[in-house]
């Protein structure tokens, strides 16, 4: 079996090599042979998917890669310290433009890649930039400049227990009202294998961490972060309703201690079978479908985030991508890596092997490309990524600080405090923070 | 306080047991959880009797270059301890013998400064000197803890050395340095061993400095353990297995110095 | 004491004949300088740049960037912290609350345990070995293990308190319980230290006061309050000093377990500073918070040192 697989993969590599040799004749992958690149990766399904293939890049280009992997908090702290010092030796790093794009671009930390993309001596003819889903390409732009290619897309989505909904004859929610009704109906019902009662719903409740998923509810209610003239809108009637509902659901039908739940904890509760619904990033699906760690494999359905009272969409489009620091001394070689990591072959491999939610249209159209991803997930992702809003984060420079301000209001709501007062305070804080960090 | 020489009653031991249980429980629970499967670890009420598995340990060592991390931790801890002894022992001797406590107090402020204040300046400094991701940079940062520790603890030990011995040596024609090297040092050997082990433990446990100053090649164990908070959900079995692996060496080492640990942990401000 | 006095009065004829290189003569003439200089220089270099940088930046406003440099604003950062920043006030309060609670808990517990254990029993060394395990165990690992035990739905703590009919609690997710719950972890880690220090102190107490008290017919309680406690004061003050310094700066445990949450309910000054500097990019403001934290630690230390010397 093993030999067979080895032979097969050898054949595959050989075949691919033949197929691309025509292109390779035109494009010189070896032009930066002998260079060494330092790549900083966040611990993430995409990173797990691409890592086994990095040696292919080294073989193809003769460039040596030093890939460093850190969990998210450490990853951010480390990137920030290096970039702030102005003496970083990073060549490529994973980045979420909606989180840090504006800040990093204004601070002069990104090297925009527009020029590299246009240069035919640096970009292979078969790269096909337009193959990337529209919204994922847009998401990689800050201040009109391209940060780099997108590597993964996700929406805030509804994950629910198909078996539980069927057993208790509850309709899968498509609106916020139905979401609350379902949470109420299922809360306390036996739902684990040994018949223990579970919670109606589980979600993130931890300050800043909660806001990116709460963004779904905010937009479904008809609210958003800022008014068109960039005044905080987090205390609008719609936003207050959203904050109130997010907290109420967790307080009444969620697990105790939700205020400290990040997605580590929330996904753990859901995958142990102790909750009927979970609204979070659908890119978490490999955690939920991992037979070694999850008790709900095959029992979970994936749907769009419920719509609002007027049918507003609650989907968000969040994108991870690759970026290049201005301080990199190997920018052209770094671009080769960014390009290779997101060309069709790699996106196909990572998506078909690990089920990473890639950003290339052609790979989603290929039945083999989406074979690994659950059917209803692929479907809802395609739809969500079309109708969803890119504003899963407030469109400000000081995203982390504003998220903490809004997160504080969400925590107050979970605890049953005065939501209106908390929202007004969050708005005042946002205004102050924006005034401090966005002065020209 | 030698009033109650009345002998040992069984109550003493019962009392001891009652006191020890809560202090041992978290460590016991850590070890127990590391032998459980993920399903057993997330069961409630907790499972007490189960079939132990070594899978978590296997996972720790197979999925991670744990030996590399251990080697890094060893090099940095040994390096910073060694350097701290070389620099600190003469200093401690001089402060003790010539009563310059002012110097010692000044060095104690290093302990009072909040650790996070060092991060960005150090990073800039080490980057400019092209020392990021080198053992030397890490060893130097760990010195900020190790050196004051060696100084403070060893001052206490050197003060215990009878002045007559040093004087006698001086009369016999020993230079200051020879008196230190041949007379004082051998007398404080137990103190040096205890201090070295303590300094080693502090370096081994250091999280914050290693996080920023260590690079890919020099990552130490605490960073590796924190890595278990991964994008997957919290993997309690792997986490506790990793925690056990990192804690075990310091627990064993500490058993060798239990007599001197009080003095060490109070930075020698008290003779224990 | 006697040794040092004699050491300082070494008669001239004790000095060995002056021979050897210029360097060894220099060592003979300036032993303190030569012996302490290496250590002092290394600590100085490692500290002086960070301290200088921190103080310099604390007078500036810098929203970390490569394009715009730090802007000098004098004491504005400090003014803002004390007059406008609610999170700062909250952080100061929580820092003091955590410190007082944790040190008080471990002090009372540690001293009581020492008094209970101040009797002869076999296996003292073994006991001491076991007892010091919590303080040498790696803090990051320990914090993660406690986080697991405090888990509101699956953790063993709720099971244990359930056995005696309490709970369930949400521990570090409860706004009112989070600081006490964190203080328990710190107490678990450091009570043994206080116990061991006090035991060492008890071993050195003189017998005479007790003997005369017994003759005067004093009760054990009177002896404890009038003799033992006053005699132990210097010992206890040392323990208090070191624990206060460390509690004021506690970072690993709080950051790993709650990152300052829920809401801002466990955001101590150190954790807040870390957020402001490393996640909000306000390097200048973070540096001024560091200066304040350092001043706080220094102030508390000086007070305790004064109390210890009895000059209060």
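Side notes on the structure shown:
Order of writing sets the chain letters: A, B and C. Residues in each chain are counted from 1.
In this text, contacts are C-beta pairs under 8 Å (C-beta built on N, C-alpha and C of every residue); 3 or more make two chains touch, one makes a residue touch a chain.
Just so we're clear, the structure is a prediction, and the values are computed from it rather than from any experiment.
Summarising the inter-chain contacts, the pair of chains with the most C-beta pairs in contact is B-C.
The chain with its Cα centroid farthest from the Cα centroid of subunit B is A.
Note on chain placement: the centre of subunit A and the centre of subunit B lie 40 Å apart, centres being C-alpha means. Subunit B and subunit C have Cα centroids separated by 16 Å. With touch defined as above, residues shared between interfaces to two or more other chains in subunit C number as follows: 153-154, 278, 283. Within subunit A, residues 77, 81, 84, 86, 265, 272 each touch two or more of the remaining chains. Counting partner chains per residue, subunit B shows two or more touched chains at residues 42, 119-120, 124, 226, 229, 234. On the side of subunit B, the complex with subunit C involves touching residues 1-5, 7-8, 12-13, 15-16, 19-20, 22-24, 26-27, 29-30, 33, 42-46, 86-88, 90-91, 93-95, 97-100, 103, 106-107, 109-122, 124-125, 140-141, 143-144, 147-148, 151, 159, 161-164, 166-167, 170-171, 173-177, 180, 201, 204-205, 207-208, 221-222, 225-226, 228-229, 234, 236, 239-240, 242-243, 246-247, 250-251, 253-255, 258-259, 261-262, 265-267, 269-272. By the touch criterion given at the top, residues 63-67, 151-154, 168, 170-175, 258-264, 275, 278-281, 283 of subunit C touch subunit A in their complex. Against subunit A, the residues of subunit B that register as touching in their complex are 38-39, 42, 119-120, 123-124, 127-128, 132, 211-212, 215-216, 223, 226-227, 229-235. The residues of subunit A lying in touch with subunit C in their complex are 73, 76-77, 80-81, 83-84, 86, 103, 106-109, 205-207, 255-261, 265, 269, 272, 274, 326, 398, 400-401, 404, 407-408, 411-412, 415, 436-437. On the subunit A side of its complex with subunit B, the touching residues are 43-45, 48, 66-72, 74, 77-78, 81-82, 84-89, 264-265, 267-268, 271-272, 287, 290, 292-293, 295.
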